[in-house]
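Labels A, B and C are assigned to the chains in the order they are written; within every chain, residues are numbered from 1.
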Amino acid sequence: MYNYNDIQNCLKDSFKILGDPQHIQFDNAKSLTDANSFSICWLRPGISNRETLIDENQCKVFICSEQEEFREMKDKVIILVDNPRLRFLQLVRQLFVKPNTYGIHPTAIIHEEAQISSKVYIGPNCIIGKCIIGDDVVIYGNCYLFDDVQIGNHTTIMPNSTIGGIGFGYERNADSEFELFPHLGGVIIEDHVDIGANTCIDRGTLGNTIIKSGTKIDNLVHIAHNVVIGKNCAVIALAMIGGSTVIGDNCWVAPASTLRDGIKIGTGSTIGIGALVLKEIPDNETWIGVPAKKYI
Amino acid sequence: MYNYNDIQNCLKDSFKILGDPQHIQFDNAKSLTDANSFSICWLRPGISNRETLIDENQCKVFICSEQEEFREMKDKVIILVDNPRLRFLQLVRQLFVKPNTYGIHPTAIIHEEAQISSKVYIGPNCIIGKCIIGDDVVIYGNCYLFDDVQIGNHTTIMPNSTIGGIGFGYERNADSEFELFPHLGGVIIEDHVDIGANTCIDRGTLGNTIIKSGTKIDNLVHIAHNVVIGKNCAVIALAMIGGSTVIGDNCWVAPASTLRDGIKIGTGSTIGIGALVLKEIPDNETWIGVPAKKYI
Amino acid sequence: MYNYNDIQNCLKDSFKILGDPQHIQFDNAKSLTDANSFSICWLRPGISNRETLIDENQCKVFICSEQEEFREMKDKVIILVDNPRLRFLQLVRQLFVKPNTYGIHPTAIIHEEAQISSKVYIGPNCIIGKCIIGDDVVIYGNCYLFDDVQIGNHTTIMPNSTIGGIGFGYERNADSEFELFPHLGGVIIEDHVDIGANTCIDRGTLGNTIIKSGTKIDNLVHIAHNVVIGKNCAVIALAMIGGSTVIGDNCWVAPASTLRDGIKIGTGSTIGIGALVLKEIPDNETWIGVPAKKYI
């Protein structure tokens, strides 16, 4: 059972309390609908009837926005923070998420010249080519990494993903047959990158495909050869990033969006869900639609 | 070689016969274009020149609609039913499709605390976490099921699918870095669900992701955290279902459609091919287009 | 270190030289931005400031278009060809790409009745049913091929792909439940076909799904039951080809395009990026948009 001390250890100085700290007792984190009397919950700012929701819920400990007002309620403790979702996730991660365990599963097949930190987890049936893999990297089972994939620290790859495959680069010859452009480049994945399940990142043709630090990629995403994705971007499920396209830092690429090859997406841009982007997007703009146009 | 008795055993009372039942002899099921003189075929209702098609085909046994008229043809037998495609598939399934064989392949890696019925097939290289798996479940090779996946009876999962992965839930902190929202929930898959190949179903954040009985999911589908899909739905290839979206019973989600997060799709709705659904759809409506609008 | 003789051996009579052939010395192939003094590079025809680019680059050997004029530059050698990208790829493939090595990885699981040429590579953890596989076929790790997949010669399949799975064919019965249409057909993949990673090709219901010679398929593509794709087509990432659709020879199906079931795409057609094709396309036309319309 967790109590006030645990809240303090996790959230440091970033909170205030409404109610009696002695009443804080919880052993699980739930959504409001699933909560019981030993849960901790969070309230989305702006939610209607927030006091009634708290009053009628079995849960006794709530993380709420310090921008909103709450009356004191018997047996309830309200923890006021700047960003309830962020503070809730930080607290839950520290208390309820098991830390990674390191080790390479005996069924994983690793290239003898691969350079792999001792602080990694590589799951069953992974096939890892001549790669360089840093500290605290987690690669779940059934992933396939070709040669020349370089991964920084604190990066996670979900199952069934394929990294470093040969890209789709062909040239028709005189007989209208396709001849494959050789792919001599690699893939560079920096630090704190998350890559979802069943996602494909192709190697570069002559240069590298690059995913910069802090970027998060979802399931079933296709990233073609020579793409460069900046820092702290989100690329969400079933997005398609065409070859040699360059995405700046802090971009948001929504689900099922399609970015044609060879374009430049400015820093801080947002691409809407299902958008089809056919041309350059300047910094800090939001584009939506098919084909995508500037929205803001 | 199958004969009239086999038709009777499979279709019971749901058919009438035009022609001599003694002439029924078949050992294969084919389409009209591939049929030979020992095939059984079916005719789509409304097809033009139906009698000529039968007359000129080598095949001698046809399953046709009782709503259409046919003249008697020498050496041909016409089996008249309410729904030819359904009756044909029921008959073919009983006669030509081998029943599942049970067993867990020795290369499958199963969590020691998983609760798995003895009547399952789990294929090579599957990785199964601490899951609960019911009777007559078939999981083809190379699938990855994380902990906390619960599967009912008579459910099938095709190869290379990932069930129960961590979803895409992040919150930007003050440094514009993404912090991962913990995913403490699971995935509940009920009975008679089919899941295609290379499909991803993420676990819930705090609650569960739920796929209800009788629902069929195709290849390369993304189902995000906390989605609920009702009974007897179809979700077809490359569909994207955003987080926390709730789909009612008997819905049809066509290929390559995209449903944004947090919306409600009413019972009996149809979402058209390639549609981009951005808002709630009431019961029994058909929505198409980008963005999707009501069609019927 | 490679020299003039190697160029001659690779390109035969298809080039002219500007500069001193004795100066040709290279040991790597790079893009212009990554090149060093021992690189060979190619220049895209029509690029601006082509002579300045050559002059200021460390690289000394360039493959350029014979349709463009270049002045002689000290220490630089320009190789003039009809199609610089094609000639560059042919040269690089011969000099820098290792030939395939044959062998079946001991962890691959092969059906005892499969008929497999001795000249194939089958990677780790592949699961191969009762298939027929020709010469010089490469199947990377973690692929799943069901029974009844027939593969010609010189075909490559990237990791995590699923070939021959049961397609999405259901019929609702009187209780609104889906019943699966049996899939008794197979998949025929002809010669010189490339199939990307995490791609799904379903078997036919009664007939076969067919991919003809020379066709190239990218990552995360869905090809449904009974599709026929002609010769020398390109089907690019996240494309969705609906059941029984027939695509003629020499077609280009751009990324993230969606082709509904049961339509015919004429020979030599081009389907634009993100297009939604709902009806027949005649020969040699380009269709784009949602829904797709004739563009040229």
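To be clear about the criterion, a contact is a pair of C-beta atoms (placed from the backbone, for glycine too) under 8 Å apart; a residue touches a chain by one contact, two chains touch by 3 or more.
No experiment lies behind these values; they were computed from the predicted model shown.
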Give the rotation angle, in degrees and rounded to the nearest 5, that superposes the C-alpha atoms of subunit A onto those of its identical copy subunit C. 120
Copies subunit B, subunit C: same or different interface, half of numbers shared as the threshold? different
Quick check: how many Å separate the C-alpha centres of subunit B and subunit C? 30
If I count partner chains per residue in subunit B, which residues reach a count of at least 2? 107, 125, 142, 160, 198, 220, 238, 290
List the residues on subunit B that touch subunit C in their complex, please. 29-31, 33-34, 83, 85-86, 89-90, 92-93, 96-97, 107, 123-125, 140-142, 158-160, 192, 194, 196-198, 214, 216, 218-220, 232, 234, 236-238, 250, 255-256, 273-274, 289-290
Going by the contact rule at the top, pick out the subunit A residues touching subunit C in the complex. 107, 109, 125, 127, 142, 144, 160-162, 165-166, 168, 170-173, 176-182, 184, 198-200, 202, 205-207, 220, 222, 224, 238, 240, 242, 258, 260, 276, 278, 290-291
